[in-house]
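Below: one structure, written as structure tokens.
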Amino acid sequence: MIRNICRRLGESVIVLLGVALMIFVMLRIVPGNPVATMMGEHADLAVIERMTAELGLDQPVYIQFIRYITGALKGDFGTSYSLGKPVSFLMGTAFGNTLKLALFAALFAWALGIACGISAAARKNGLADHLFMGVSLMGVSMPIFMVAMLLQYVFAYHLHWLPISGINDWRGFLLPAVALGWNSAGSISRLVRSTLLDILQEDYIDTARGKGRTQAGVLIFHAFRNALLPVITMMALQFSSLLSGAVITETVFSINGIGRLAVQAIAGRDIPLLEGTALFTTLVVILGNLAADCLYDILDPRIRKEV
Amino acid sequence: MFQGKHSDSRIQKIPDAEQDIRLLSQLGEEQTLGKKLGRMAKENPLAVISAAVILVLILGAVFAPVLTPYSYTGMDLRNRLAAPSAAHLFGTDEGGRDILTRLLYGSRISLLTGVVPALLSLVLGTALGILSGFAGGKTDSLIMRLADIMLAIPSMLLAMVIMYTLGGGLGNVFLTLTLVNWAGVARIIRSETLKLKNTEYVEAARVIGVSKSRIMLRHILPNCVPTMIVLFTLNIPSSILTESSLSFLGLGVQAPDASWGLMINAGRQYLYTAPWLCFVPGIAIMVTVLAFNFLGDGLRDVLDPHQNRE
Amino acid sequence: MEHNILEIDHLHVVFPSSKGETSPVNDVSLRVPAGKTVGIVGESGCGKSMTARAVMGLIHAPGRITEGEIRLCGRDLRKLSEKEYCSLRGSEVSMIFQEPMTSLNPVMKAGHQVEEVLRLHTDIPESELKQRVIDIFRAVGITEPEKRYNCYPHELSGGLRQRVIIAMAMICRPRLMIADEPTTALDVTVQAQILRLMKDLVSDDTGLLVISHDLGVIAKLCDYVYVMYAGRIVEESDIFTLFDDPQHPYTKGLMDAVGSLRRDAEVLSTIPGVVPSLAHLPAGCSFCLRCENGSDRCEKELPGLIQTGPGHKVRCHLMKEAGQ
Amino acid sequence: MNRLLLEGKNLSRDFPAGHGRKLHAVTDISLRIYEGETLGLVGESGCGKSTLGRLLIRMLEPDSGKLYYRGNAVSGISEKDFHPYRRDLQMIFQDPYASLNPRMTVRDLIAEPLEAWHVCGSREETTKKVLRLMEAVGVPGEFLMRYPHQFSGGQRQRIGIARAIALDPALIVCDEPVSALDVSVQNQILNLLNELQKNRGMSYLFISHDLSVVHHIADRVAVMFLGKIMETGYVKDIYESPQHPYTRFLLNAVPVPDPHRREDTVELLKGEPPSPVDLPKGCVFHTRCPYATEQCRNEVPAMRPAGRTEAACHYPGVS
């Protein structure tokens, strides 16, 4: 198992380097000098050239890349053009908010998704099944910004129950977390249901029923344990889409998070900031997948025992 | 007394019990595509309704000019932000333009941004996936590492970075969504190919001496088709959603092209005064995506060899 | 006077399908007397497993029992509530499944899976559970039972898994055990071991119902045999009479097929044709299209079970003629 | 004795078993198949018999060992150089449900080998040949355009056989061809295989776990255990006077379909086969053999004549 983890760690590093290279190259092939774009039409040519040299943008791309990577390893992602502050500093403050938002959303999505999935699978084609699956599919089919705006409109604007935007206390997180988790809850409940239904066809389910387990007992003590394995993988993947969705949610609810930073970076044509946010988010996703893989290994005795 | 009568022709015409038993135990029996679609139509009315909804949407997009008396760019400033009424079924926007009209024209863009990238990524992903699975070795690891990289970046950020590089516009939206989606397709087709490659009938073809390219074309590709149909149907809604998100952020299609996402983006500042500006196109997106998802689910239930037990 | 552990009367199981209803089990009646091993033999799809599942109350939807009575020690099982049925399964009636490789939960330790049966049906204190399991492991011939207790199924060989399943089935000393193809998935040398173990499963007040397609397994274990074909019982008899003097053309064909293989005949005996589809059964005898002596009457009129000797019944029109 | 058709010398093949370990499927096996004969290969599941069958027709590459076809070395040559021999070495598969592509009609399935080798000039000619083949295996010609799912297991197996004989091969490896079938259908297929051999004169390597089937169809038998051949000989000699203890235990273990002979009189083999990942030292059978001595635990026994057969045992005929 340790070997497995080491192998995956190695793979993750390669993937991360690949991601860095790809994003780096892509942002460098944008036509025009980024400094000129940033400083506007009336900037002095000499100033632009000085800035370009200062930022190392006159060097060949591969040297820029090596510089960037060595910097990033030390936690230095360069300085934001538009906000004039170090990217790592900006991300440091924003990341806390994004992480909180994502965790709240994940908690909501997992709890709701698993509960709905199990109750739907318990009675295939029953009322709960149709209801929950209909709602789940709607969850999967609604754009996040729509959910977010709808929640804002109903619960903040009309009912005044919760703040429209800002995250001054836990109440501020409620709407964004629900908006963000809604979609994932749908995916998770659908997966939980289909996995459970598959597992309910397995021979060992008959064995369990033959022992005298009730339908509910079979579902909880035998089927769910086994369904957990694919569901955990899915949850990790969902974490990635949560971070995707955070871009939108943070924009709608004006939360200062990584996603909003990325949107600001694009608006300000701020390459270091965009690069930093994209890379950092990817790092978080990769770490999440790694954690899920390890958890999978721990939960599945077929892998665990083979040393 | 029962010796050597296996060629008795009377016997061969007796229908076979094994098949019925297989049907009975709900194990997927091999059926032709048409039969499977028929089964879906019978057992899954939602999928049929969804197909009808999609058809209506397509017709609406094609015949938009015939269906509405209003022009989709024509301003009518006296009639700004009018609430839904008989004259304007879904109201008007900040420029006094009829929302239903804009919705119909917008559906052209939104449907295109669903279908075109889904098709392109299907072709690219299938080609690379089959190649990867069948060739193995270095080709395989190269393609799969590339896919890993694409899949590691959260899709929204990847789309944003690519759109930033390419700039806005419809063509670039197509390209971006294709780049975002191909890797997922490639992975699934590759694993399908690996499974098919190890089936007895592919081994049986090898033992007969059938060439590799012929095995890929005759044995692997046709058996990937059900998976491909499902992937295609499910990639359309995901492309529509991503495009709408991009347009919502102002990174997608650019005016004067109007996608539903862009309409919501424009209407956002009137959320509290004229909510229909946001919610009408929002509901349109939802209905469209829902229809494609239902259809995709229905198709998967009957086509996906791994889900056939349901 | 001997009494019956299991009595099935006129059992019908029906599966609705797109082509109309099919009946994998059609008017099946059978008895398992106390202290005896009873076998059901037939080829794939003849309804023998479905009969066993009906007794366990484990027929998968959309199949259901439409008619008939199943009595376990006099209790009508079809009148039980689901909850009552659950308390019966595992304690009064239990099943040994066909596939040892897939019939155990892959993420639970073997010992815990057996323990579960005790937890569900007995009040044995927590501290004694493990010892009970280890005792039963030893009884079914599992070597190093303490070690095996903590093994996951994938760490056990096929034979050991089947022993675990047998342990699970017998730990509560049920009145009836059903073994559905208990050795089909096993190798010959392991099969021989399991068969030897199963011979000792029956005691004076319990019964064993063995389902198999293998006449060798049936001959080894059973006292009384039912032959099934296309959902119906076509012949029933004690084991010796059946093998010495099979009457139904299907049973004869089956015996000839196996016998000619063993005798190494130049050309092997076969039963011509294939089993008819359950959806297209002839109105009369389901074997008539494959039968040498099939007549118009056979095609049209369903023969009843005819007593041809003590405890020997055959479903064939020819029999009646022979008896007259 | 007929002429030698195919010979494998010292064939070995491992498979990766994860975590850097190896599963030894076939270890140092030498085997001869003569023209027109049926060689039965029996053994329990996981003993490597299917792997050996595939090694012999190069559907799998051996890790070591040599292969000779009619005296020509056919191992170690490139796939392209081997291609002409492919025609002569065909195979019938175990699972009639999995070995036919569900999306091809019977015509296309049986025509596939003919087209791959350009046997017939035109499409019509191919179809004619397909019909002749269908007749030969007892599938009515009117089913030409049907798909595999419309057939029963036995009929599918007949289609598989038609594909295998389409190219008039010299050897067909039959990998458990009847184990998925019911006994009455199984006999139909066995009769068909016998009839085809009589008419066409090809050899079979018949792989099976069922001793009575092998008894019926084989001329010679090789008994395998854990990647090694334990004993070979003529079928009569193997079944009547087995020399290797494993062969004897195997034969004794088969349940006799005769209730008068059901009393347990014979001794049974204890335990189960060891894992092919951790092969025992010495004779691979020693962990289960009641007669094992120090020599068996340390020394791999060579194949040598014993009684009327050949056995890989230090104490052949022991009891």
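Going in written order, the chains are labelled A, B, C and D, and every chain counts its residues from 1.
Throughout what follows, a contact is a pair of C-beta atoms (placed from the backbone, for glycine too) under 8 Å apart; a residue touches a chain by one contact, two chains touch by 3 or more.
Quantities reported herein were computed from a predicted structural model and do not represent experimental measurements.
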item: Given subunit A and subunit D, the chains that contact each of them; value: B, C
item: Identity of the most central chain, Cα criterion; value: B
item: Distance from subunit C to subunit A - Cα centre to Cα centre, in angstrom; value: 53
item: Distance between the centres, which are taken as Cα means, of subunit D and subunit B, whole angstrom; value: 47
item: Subunit C-subunit D separation of Cα centroids, rounded to whole Å; value: 32
item: Centre-of-Cα separation between subunit B and subunit A, whole angstrom; value: 23
item: Residues of subunit C engaged with two or more neighbouring chains; value: 44, 253, 257, 267-271, 274-275
item: Subunit A: positions in contact with at least two other chains; value: none
item: Per-residue overlap in subunit B, given as positions that touch at least 2 other chains; value: 4, 6, 12, 16, 18-19
item: List of subunit A residues in touch with subunit B within their complex; value: 11, 14-16, 18-19, 22-23, 26-27, 29-30, 137-138, 140-146, 149-150, 152-153, 157, 194, 197-198, 201, 240-241, 243-245, 247-248, 251, 259, 262-263, 266, 274, 277-278, 281-282, 285-286, 289
item: Footprint of subunit D on subunit C - complex, ascending; value: 43-44, 143, 157-160, 187-193, 195-196, 199, 213-220, 222, 239-240, 243, 253-255, 257-262, 264, 267-271, 274-275
item: Residues of subunit D defined as touching subunit B within the complex; value: 57, 59, 83, 86-87, 89-91, 93-95, 98-104, 112-113, 116-117, 138-140, 143, 147-153, 155, 160, 163, 167, 188, 191-192
item: Subunit D residues within the subunit C interface of the complex; value: 44-45, 152, 154-155, 182-188, 190-191, 194, 209, 211-213, 215-216, 249-250, 252-260, 262, 264, 268-273
item: Of subunit B, residues touching subunit D in the complex; value: 4, 6-7, 9, 12, 16, 18-19, 29-32, 199-201, 203-211, 214, 218-219, 222-223
